[in-house]
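Two complexes come next, and they have one chain in common, chain A, joined by chain B in the first and chain C in the second.
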Partner chain A sequence: MRPLTEDEMRTMFQKLSTYIGKNIQHLLQNKTEAHAFRLLKDRVYYVSESLLKSAPNLPADTILSLGTCMGKFTKSKKFKLHITSLDVLNRYALYKVWVKPSSEMSFLYGNNIPKSGLGRITDGVPQYGGVIVLSMSDVPLGFGVAAQSTEVCKELEPTGNVVLHQGDIGEYLRNEDDVF
Partner chain B sequence: MSLSAADVAPAAFSHTQSDNLNEKLRFDLQNLTAFNEFEQLKPSTSEELEQFMLDKASEGTQQLLANLFSLPSKKSDVGPLALLPGYSKTDLGIDNSLTALPRSKPPPAPKEETRWSQFAKEKGLEDKKRGRKEWDEATGEWKVRYGMGSANKAKEEYPIMPAVAGDPNADPWEHQKSQKRAKVEKNNLNRLKNQERTGAVPKGTASKYEKKITEDAHSRSVQKTREAPGIPLDLSSGSSSSAPGSRGLANTKRALEMTRLSTASMGKFDAVRSGEGPQRRSGEELKIKRKGMTATVSQTRSQESANSLKVLDSVLKGSAKKQKMRKTGQMATGETGHDYDYDDNLGGGKYRKKKGRAGAGKLKSASKKMIK
Partner chain C sequence: MGKIYFPENMVIYKFLLSSPQPSSYVTMAKETTNKRKASRAPSSKKKKVVKPPTPPSSPGASDDEVDSGSEVGDSDAASSSASGDEMKKFTDSNNKWLKMKGDTSGSDSDSDSEASISQIERDAMILDKEKEEEAKEFEQDLQRQRQDQTKIFHLPTQEELEEDEDRVVPPTEIRERVEEIIEVMQDFKRRREEGRSRSEYMDQLECDLSEYFGYLPELIGLFLKMFSPSEALEFLDASDKPRPLVIRTNTLKARRKDLAQALIKRGVNLDPLANWSKVGLKIYESTVPIGATPEYLSGHYMLQSAASMCPVMALEPQPGEKVLDMSSAPGGKTSYIAQLMKNQGIIVANDLKVERQKATVGNLHRLGVKNVITCCNDGKNFPKVMGNFDRVLLDAPCSGLGVISRDQSIKVQRTVKDIERTAHLQKELLLAGIDSLNAKSKTGGIMVYSTCSVSVQENEQVVQYILGKRDVKLLDTNLKHGKPGFQRYQERRFHPSMQLTRRFYPHTHNMDGFFVAKFQKLSNKERVPQGEEAEEEVSASDDDDDEGVQMDVEVSDSESDVEVSSEKKALRAKFMSGVVLPEDDESLDSDEEEAKEEAPPKKQRWEKIKKGKKKKQEKGKKEPKSKQVAGKPKGKEQGGGKKKEKK
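Let's turn to the complex of A and B:
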């Protein structure tokens, strides 16, 4: 377990900033308790200070995971967000999309969201901006990338994709072995 | 409506309640842990043991979940959230609610005494702090006690050196230098011996150092007895201690060190043979750069968060060069998130100071004549 290097931090912040923009600084300067990012076997964890202090009590090679897993670095050193980070992303999200109950299940099986499934969308979403997907009762279901900006979405045909799937809470069941 | 564990999975829950009422576990709810402290009969075969452990684990998990559902809860947009018990400090400052984790490593051993501190304890000597500065009588000033510009140094540097007793032809300057070197080496040797006793350095370091001192002294004397520069050592008559015509161990080692560095790449790409040891230039210490990777100390933590904020700033605003280009309008802005700003090579408008009267700005004292 170690802190991130500057390059790693840069790639992670670039990915995170598409979802939560400037709010990353609220993660770094957490008001309730100091938190830090730690790398463990290519995965990045968001760890509170109290947990960080108790971690050295355990032999390093026995630690499997700690804190909240934000995502992992792929073999080509790109950063991939994991569904476990949804809670953090949702708290600070800039852009949100609400899905109609009829296409909720389709998204939870890993499909993109077409215009016909779109319930509501935040104003001013740029094309390829990161969005959080919520059900109509405000339960976060996952996250994705806006295929079109909000303005273009308004005049889109019903089959056109609005959100390209990146992660959803169905992964807890589908990819149970990989998530943790 | 509040949801309880029994409502979600009635079958599994009723089973637990009826079967395991007598095995009440101890819970540490903040760490989401349950401890079964009852004596268990160990099954004989490994398959039975596996099944037994699975059963016990599932019982424990069920009891733990039942306890979690009995906690006070809070409504949230993702359903009810249980409020885990917080840290509770007793008057003694001991935390009762949490299970203490054992250290993975033994506590550090107490420091061993040096020979001097042992002696001082026997004699009952008190440790008196000596000030860093000392009164210099010659100049009438306070000066540092040791090192460059230290006090009362003048008395060591006589303008005329007394002859060395016993040998009228010996160089008194050389004699003074060698005496000082001997003092330093003795101190180093004592320091290493103390460290060896405490276990800070491996056993045998001091004796190795002692051997090195004598070897160095020998090679210095060999160098001095060399007849003339440029004559290969092998042909010289040799000193009294080593066989005539031989180089000596220390000089052979030194020659090897030099040849290893005497390639075009300063020995960078040469294969290291077994027993040669790591390459280094003369006087260069082996430095291991250690990064504070598992730092938890608050000072390093605040440094870490400052660093990450700096990185975040450069990610959000772009590099200093990019910011400057954006200011001068050399960046084009696009419509999608990806082509937000890029160098369009059209160049930006640059601020130029106006010529003429208006360009003088706030130069109030200048007369009209000057401005013209």
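Let's turn to the complex of A and C:
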């Protein structure tokens, strides 16, 4: 377990900023308790200070996870967000999409969201901006990128994709082995 | 004639008085009066005289007309009613179609009234007869019961059983025999068969039960030792039925009320679990898979059996504490702890197996738990790995005798040997857990031990062992439901505070079989097994209840070690006994040390115990020393012997 290098930090923040923009600073200066990012076997964890203090007591090779897992670095050194980061992302998200109950399940099986399933969308989402997907009752379901900007979405035909799927909470069941 | 009619007349009269509204009978009566108000013959039965002079084709219309008629004096008129002559005339002309309301048989009005009387009498007779018959039956029942109760059930003999071997005995027959035997056992003195002993009955019962329910006979034997025969049968029956599916609301993300509403919308039939839980929901039936709803995936609830909520409730973790869950997979209890701690403080979720811990990591993330370090260590290493916890939860690996309804393979795979093995592991883990506690913690120093087994070997005996080994006491678990732990089991007698532990059964609580014990660590001292150790080991299997209590006091007085690890202890022992103990090098392990103390041969030990009982107060440091010396040569052998004795 070690802190992230400068390069890793940059790659990760680039990715995060598509979802939460400048709110990254809130992540780093958490008001309730100081938090930090730690790298453990390719995975990046968002860890509170008190956990950080205790963690070194345990043999490093036995620790599986601590705090919240944000995602992992792929072999090609790109950063991939994991669904486990959804809580953090949702808290600071810039752009949100609400999905109708009818296409909720379809999204949870890993499909994109068509215009027909779109309930609401934040104003001013740019094309390919990161969005958090919520159900109509404000329960976060996953995240993805906007296929079109908000304006274009309005004129889209019902079958056209609004959100391209990246992660959803169905993954907790579908690929437990890959994610954890 | 009048007399004969009288009773029926009375009925009508009463009826009219009591009924404020004109019923159909009233309308009939009214009508007759209208027709023949003048005539006053007492005998009358107007009832069937319903019909007005209107043609038979429109009876309904005539009724209406009558309704509008005079109401004054209706009841009087009805009671006096029409004369017999008129009636006869009237009825005669109409009797082809006239019928008394509700009268199915009568055609002739005269014979009709007579028939109705005799019918009443007949009815009365029938009733009487029925009553008589009932009484007879009841008596017969009583007699039969009495016979049943005193009847001697024939227990099949060895030869008869051998004959039976060739044929397939139907389960119903076995079941019958089981029930018979249980009945006999309840009144053995009177109902036994001449010349058959209780153990013969018990053997047959054990054999039948194991065949009927498909258990290994030794397990049935175990249950029969714990429960009375009838309770054992209930337990076995309940173990074959599935427990209700229970979910626990994750209060970090949702409230139970909202969750229940959301699930009901999805077609789930549910109810609050019980009055002792504010977060549990019982699922009766569901049209959707409970483990895959959007609510589940977004972490609003966790599938968790009712029983496994109990140890966490007993643990009562406080926000900001440092808590260890020694065997956490798959994370149900861990997330419940986090939920009670409101995501503050530190939880170390440990489990031996990496594969299992993956599920833990997934569940904890799904439920939004942020204060957990998940790791894979051997629980036995624990104080070395990390210590100083405020609270420790050990949900120990066990034989699973309480969750047979979930895993039927336990019936045939577990043996008594397995139970002994897990009990040994449990003792080791529990010692490790208690050693990792910080006794000086302001809020905690609490250890909770739970198993999903009902066997005494894995529960009370483990707790008893720990009470003798560490400076701990049992606390009330605050679980009001649940039965107190056993204080005696066969020849064993446990510490009186054992009643603070809690047992849960499938047949009484409709939960998995479970055991929960809560310890408070009093100091970091260890109860080093010295002279008292031998004594206590014996007292556990002795009939002397007070012995244990006295032991407690004594031990905490006489010993003042502050070491935690066994190595340090060994070093200290060396130091204390000075020259006398050159053998310490070989035995750094606490087990071996203990064995050493146990060393004196049995006879010698007994003598010492007797002596010890007499002069408990005088016990000084000399005695243990001399014992150690005496025991030195035979150390290991005796250790083995002791273990056997214990189990």
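Keep in mind that, in the parts below, the second predicted complex is superposed on the first by the 180 of 180 C-alpha atoms of A that agree within 3 Å, B and C clash if a C-alpha of one lies under 4 Å from a C-alpha of the other, contacts with A are read in each partner's own complex, and residues count from 1 in each chain.
Going forward, a contact is a pair of C-beta atoms (placed from the backbone, for glycine too) under 8 Å apart; a residue touches a chain by one contact, two chains touch by 3 or more.
Computed from a predicted model, the values in this text were never measured in an experiment.
Participant: Which partner does A:140 reach: the first (chain B), the second (chain C), both, or neither?
Facilitator: After superposing on A, A:140 lies in contact with both chain B and chain C.
Participant: Under the stated touch criterion, which partner chain does A:29 make contact with: chain B (first), chain C (second), both, or neither?
Facilitator: first
Participant: Contacts for A:172 in the overlay, against chain B (first) and chain C (second): which applies, first, second, both or neither?
Facilitator: second
Participant: Give one of first, second, both or neither to describe whether A:102 is in contact with chain B, with chain C, with both, or with none.
Facilitator: neither
Participant: After lining up the shared chain so the two structures overlap, which partner does A:65 touch, if you call chain B first and chain C second: first, second, both or neither?
Facilitator: In the superposed model, A:65 contacts chain C only, not chain B.
Participant: Looking at A:54, would you say it contacts chain B, chain C, both, or neither? Reply first, second, both or neither.
Facilitator: both
Participant: Quick one: is A:84 in contact with chain B, with chain C, with both, or with neither? Answer first, second, both or neither.
Facilitator: second
Participant: Check whether A:128 is in contact with chain B, with chain C, with both or with neither, and answer first, second, both or neither.
Facilitator: Once the two structures are laid over each other on A, A:128 reaches chain B alone.
Participant: Go through chain A and flag every residue that touches chain B in one model and chain C in the other.
Facilitator: 54-55, 57-59, 139-140
Participant: State the interface residues of chain A toward chain C in the complex, per the touch definition above.
Facilitator: 48, 50-51, 54-55, 57-59, 62-69, 84, 87, 104-105, 108, 135, 137, 139-141, 169-170, 172-173, 176-177, 179-180
Participant: Which residues of chain A touch chain B in the complex?
Facilitator: 1-4, 6, 9-10, 13-14, 17-18, 21-22, 24-25, 28-29, 34, 36-37, 49, 52-60, 126-129, 138-140, 149
Participant: Going by the contact rule at the top, pick out the chain C residues touching chain A in the complex.
Facilitator: Within the complex, chain C contacts chain A at residues 262, 291-292, 294-295, 297-300, 322, 345-346, 348, 354, 357-359, 361-362, 364-366, 368, 370-377, 385-386.
Participant: For a test of understanding, state which residues of chain B touch chain A in their complex under the given definition.
Facilitator: Against chain A, the touching part of chain B is residues 77-78, 101-104, 293-296, 301, 304-305, 307-309, 311-312, 314-316, 335-338.
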